[in-house]
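Read through the structure below, which is laid out as structure tokens, and then see the notes.
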């Protein structure tokens, strides 16, 4: 049952955020979302007794146990305090928003985002599994992102949202690092297990967690996101960026404090970061002229104070920290809502335009003033209590402990009370900006009144109860905590017990006697009021000083710098020129392989099976090299193509030398079709006019070319001199080609049987070529007029035509001959297919493309499809009868007159290949010829 | 013999690279063809260039290794398909883009 | 248990479909209907196939679970014939391919122009699927080359489909680079057969295992050449430069498939070869992989930051994410390998979904340039939600699937103390988030600019919903995919398992 | 048995002939010159293949020779047609003035 | 395999004769002054050279029982048909492409005919 | 139909040549294959008559041609190898009597294969065959040989 309560604290808002009212009633029903925090508050209150008794509620469900993931939740005093804050402040903020955005159609969406955030925040404080915590942690960032950028048409809102998300995401990632490190050390993600274990966690992991906490709680130097986050609607600022979300980091530090109780680095880091933030935030807050900016920076400062206290780790400090969490939520919530109401009524948040609102909004003035005074730390308000404790803690650290708090020894070296001085300074600043806030808004007269004062008188009528009541309630709390210290004490004691591990020895009271702390409070008031009176002197200077010194500038300049850097880097190498990319590729290849090859050749041995060349082979090899070089040197398109053809034909000869008749046939045929193809498109290319590269580029190209050639040679050379493993494959093929596959031509048997699957792929490639070419030619703008020479006065050669007529069927018969004998002698589907295509191409050459239609009254595409289906179907046939794909069968049949004929299913496959090749070759050639 | 062919392969690769790095698209396509020729030769060498009969069981042993031949055949066919496509592509580029200068095809990286 | 011979359908099914589609390329309803039906059918079949593998327990009862189905094409045993090997890794990849395939087909039904459809859009797409599936399933390196070529030529044709100037320009680059890489693939196969005397991966691994290191120098050379070849396809540093341009060009559906699946084929090849074959000297090869992974992660994301177009940003991000995958392979522990596979799935889903979303943006406004669009948040809230889920998953935000991907890879890195790489991985994640936020800001937030086309976006969403559904599902139940990844990694981490299955050896 | 020896001599001679023809390919001066030279090389290659089939005592290469002969002719015609028309295949019939 | 002495000599002689004609064709290709004249050399001598080689192969392989020689005759037949057609195609192309006759040429009826029929 | 049959016989014979075996079995297979080729690649065949007479005349022509050819090659060798290239080339129009394209082709081929002559072009109206002469000195003689030799044989076949 308690477990159910915990999960419902998270699920309620999550489900609530999924609720979408019908468009018609959306605006009117939107405030109903407020039921969620109210319900939560009731649950939280119902858990009070348990918490006060010092008990923990824990529940766990397996999530991904193999990853160490359990959805485990736990509620102790610390969590309870935060759930109270989340739901309590939530109630006020939700109700306030209903009035604040009563006419705004986005109200419903705001609520849903707020509920999403609420769920996330509840998850953070209830999670017992570090990963679960991280999940909700990041979810708070996401929801905060959506809420800051809520007014997404404003560029500042978007930038602020991104800044906040970006900086907190850094923290989240570093935290993940820490979590992983913890898991590597302790093998668990469960916080309770880690805490119970009390084995120390490495400082590095601790620091990772701290980075996460600092970013979330806007600690120096990550504080810059918080002022920018003020673009969010004011209820959001009050809720997320004052009362709850920014306290998530504080929560985390508090939660982990027991684990790092004896870690000097931890406390030194926490204390010093907190101190710097405290002071710096105060300075910044004083300079602001925007109400929300002032409050934001004050929040930064106050969070610094809490962090500082958590770092001191003494009883007083820890108690002060917890207490201030509560106080700050009350008065800062009230002040933010005040800013919202003022803006809502007066139309501005600019202190220079505001002023004298007191007569118009007396109630608000009272409430806001009380809240401000609580912030300033004046008695008898809540803020005073925590301020006193703060001073006590600092004094204790500085004077009494004299560096015995090991982590802060550097702060109090030689007994110099640096920490105390800084604390007083910061408190003075707090006093100052608190007074500036309420004085400037309600009491003083506007220094720069707005041009069209729609504000003042108009406002009074509209300041509805709903926009004031939550403020009154919150500042009432701030007052109450001061007047009835035992109430605050009761609320924070369970949390304190969790952090400190023991019940508190001290008791809260307004009057502690004449303590040093009280003296410091007095000093603060004196300093603060003098500063307030003299403020005009230096505030102007301070506001101008801002331009010089700003971490925001660091952020924006860093961002721009980064973008510039990435642009510059991209421009450096992403030139868009494929030539450059090829250069990179080849240079990488050469660079990557030359060293290993160098080492390789240190211990080479020549293989025994190297064959001695014949003289004529040498000559023809030389010619092949010459032909290759001719390709590089020629300036004539046709010579270029013909030289390429020469290389190909010479390759065919080498295939003959190497006893590969099938290859020789294929090579010759392919070369011829390629030549026709090239000649078909050649005239569309511009002439190879000499447009030389700069000498340097040319040299570089030559270098790469030579390097690549050399590298490939060396690579193959290495293969011939290095160690090797003998192959069993050729002997298997030779032994079984006829025995098991029924073919004498082993190459063909490999192609259609042993490795028929390769051939299936090969014809697929081939048929795609025709699809691709048809698409290339069929779509897009049609070509311009041919660019090359056309001799208009020309007529078909009757000699060529009659020759073509005579030879067509002879060549076809030859092709069929090669097809049918393929299994036993050089030939086969591919060779026959190309030969058929050549025969038909020759017809087209002698006549024209329309002549092909007479020869072959169907489309090449259809032939391709039939071929593909035949080949695949032959292969699938065996699957249907329970054998693997492409399993072949052979049968011998007797026919009258024909004698015994061997029929193999591989033949069907080969005919498929034949058809694909015929169709593709013709299809491509025809498509171009007709273009 | 292996080393002769390997040298030729090297030369063809060098020439191919040189052509691929040129500005004229036609040269690039021819360079790619040279590449595939060279690669096919390399594949042929992979069986070792033993002198022997073609792997037709109607002739007498010794036979050469039939596997590289089958591989080369597949490679020839594939590279033929690729070259055909590349050729037509290049010619369509000239038609549609109005240029067959590779350096004028730069851009597209924003 | 699915009959083993049916596994061939992932390869042959698409090509038969493609042939039929090509035959009736002008018949509109046939094109759409058959494409949808077949892609759904193959998807279902692939899921069944993967499940049946997972159900199988190893014969000795303990140790490694998960079956390995070995199909002998033509009924010839390895290493003489070509075999298809469906282990958990490859079948996961097939399932992933088919999932993205279904999403892309669904998206294409509404977005592909009539003219493109008549010029073999669907047949080419199915051939592409065939090539990809074949590459995942094959157990033979030359056959892998063939499937690479199949998917390449199909992708060439699809990239150029439409013959617009920009398309053709980028296709040229893509074609040239890939043909060069293919050539070197052949060269490396030549060296491989000359030195090792086999093309079958299992046989090769077996030979390496049964010799005592004398082949190592050759293997190192081979490893580097293969790394060059596969690395070019996978777009790792310093071989990725070609990728962003071409991947920007095609229609969104294709971009989704290209960006999601195509480069993964190269990654898969590295995955397979560097776990099965080239693990003789991890101190050199896998250390190199790690360095390249780190550089890939950083430089890819750097490139993305300089872009102002949604599709371009996504294209650059492909590179960066590849780095993570390579990182997992380079670490080479079972946990890291499981992480790499776990990384692959959500990332592919998210990347494809994001490209499809870019397609919707394009359909709605006619452009994907961040400066020319804006305020789409209000135009289509479902689209915004889908984008956020996919984008944040890609950036690794919990509890989306992408978080666990990053989580597991990094955990593996922390486990063996490679903190530097973990740090770079985290930085990469951060910069990814920055890019995603930039897109969000540029497209969904801001002033409502850009012309709005009067199109209903709803019909475009089902495919995206499918992908995002899995992203969220994996995030909510990471244990399921993790156990799949663990099984796959266990199969892959010890090459003897694969070798024994393929060659039928007793250990 | 002098045939094996003679066949090597003849092969070397044919190689020489091919290399000499290659000189004409390189020199030109006109493109038809180069085409003629290339055609000559092809025919010499046909002869070389036939000599090899004598040397290897195998009739297998005769088909190769036949195919090379066919296709070198095709190549020559294609080149000639290109020089004549700027293309190899016409899309539609040329105007002819044929009696009857 | 062994072949009778006579056949051995005959085959060798035919081979050498073929080579002689092939080289003659090539020399013509190198020496003659214009493309038309060069084609005279290649279309006749080279073709005849191949015929010599083919005849040698025909005798040799037929004796060894490897071939009946029918296919070899097919090559001869084919060469006789294609060589002149090829030469004709190049010649007409060369002429249209503006490759002029060597300056020593005296008669050109084709030019006249082209001019009157244009 | 008869033409088709005749052509099929030719194809079957070609098949036998390819199979290196002239036998009934191969003739049957060959004609089946030829039929297949003609079925899948149908084209209109010119009507021809008197096949057997033409076949006989063709054989006679072949012998005549081989004789001329042997002479031709010797002449070319002499010319090529001659130290001094004392030749005066030119293109001469040869008036055709033949009208049949196939026969003109045969004539042109024979002319090319004989010494000193090379067929360059047939005029579209089949009036002239343009012949390139290596040496126009003996044009008269050469044209006479062609007219009375090759073309006479071919005209007989044409009838």
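Letters A, B, C, D, E and F mark the chains in the order given here, with residues in each chain numbered from 1 onward.
Definition applied: a residue touches a chain if its C-beta (ideal position, glycine included) is under 8 Å from a C-beta of that chain, and two chains touch if they have at least 3 such contacts.
Since the model is a prediction, treat every value here as computed from it, not as a measurement.
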Figure out the least number of contact steps between chain B and chain C, where 1 means they touch directly. 1
When A-E and D-E are ranked by contacting C-beta pairs, first place goes to D-E
Roughly how many whole angstrom separate the Cα centroids of chain A and chain B? 41
Just curious, how far off is chain D from chain C if you go by their C-alpha centres, in Å? 48
Need the CA-centroid distance for the pair chain C / chain E, whole Å please. 58
Centroid of chain E to centroid of chain F, CA atoms only: how many Å? 15
Taking each residue of chain D in turn, which ones touch at least two of the other chains? 14, 16, 31, 35, 56, 58-60, 63, 66, 70, 77, 79, 81-84, 96-97
Can you list the residues of chain B that touch 2 or more other chains? 20, 25, 38, 40, 42, 45-48, 53-54, 56, 67, 71, 74, 78, 81-82, 85, 89-90, 92, 96, 102, 105, 107-109
Got the chain A residues that touch at least 2 other chains? 570, 574, 576, 578, 582, 586, 659, 661, 682, 712, 716, 719-720, 727, 729, 733, 754-755, 758, 762, 765, 768-769, 772, 776, 780-781, 791, 794-795, 797, 799-800, 803, 814, 825-826
Under the definition above, what is the set of chain E residues touching chain D in their complex? 1-3, 8-9, 11-12, 15-16, 18-19, 22-23, 25-27, 29-30, 35, 38-39, 42, 46-47, 49-50, 53-54, 56-57, 60-61, 64, 66-67, 71-72, 74-75, 78-79, 82-83, 85-86, 89-90, 92-94, 96-97, 99
Please name which positions on chain B make contact with chain A in the complex. 1-21, 23-27, 30-31, 33-34, 37-38, 40-42, 44-58, 61, 63-67, 69-74, 76-78, 80-85, 87-92, 94-96, 98-103, 105-109
Per the touch rule, the chain D residues reaching chain B in their complex are 56, 58, 60
For the complex, give me every residue of chain C touching chain A. 5-6, 8, 12, 15-16, 18-20, 22-23, 25, 71-76, 79-82, 115-116, 119-120, 123-124, 127, 130-131, 134, 142-143, 146-147, 149-150, 153-154, 156-157, 160-164, 168, 172-173, 176-177, 180-181, 184, 187, 190-191, 193-198, 207, 211, 214-215, 217-218, 220-221, 224-225, 227-228, 232, 238-239, 241-242, 244-245, 299, 302-303, 305-306, 375, 377, 388, 392, 395, 397-399, 403-404, 406-408, 410-411, 414-415, 422-423, 426-427, 429-430, 433-434, 437-438, 441, 444-448, 477-479, 482-483, 486
Within their complex, chain D touches chain E through residues 1-3, 6-7, 9-10, 13-14, 16-17, 20-21, 23-24, 30-33, 35-37, 39-40, 43-44, 46-47, 50-51, 53-54, 57-59, 62-63, 65-66, 69-70, 73, 76-77, 79-84
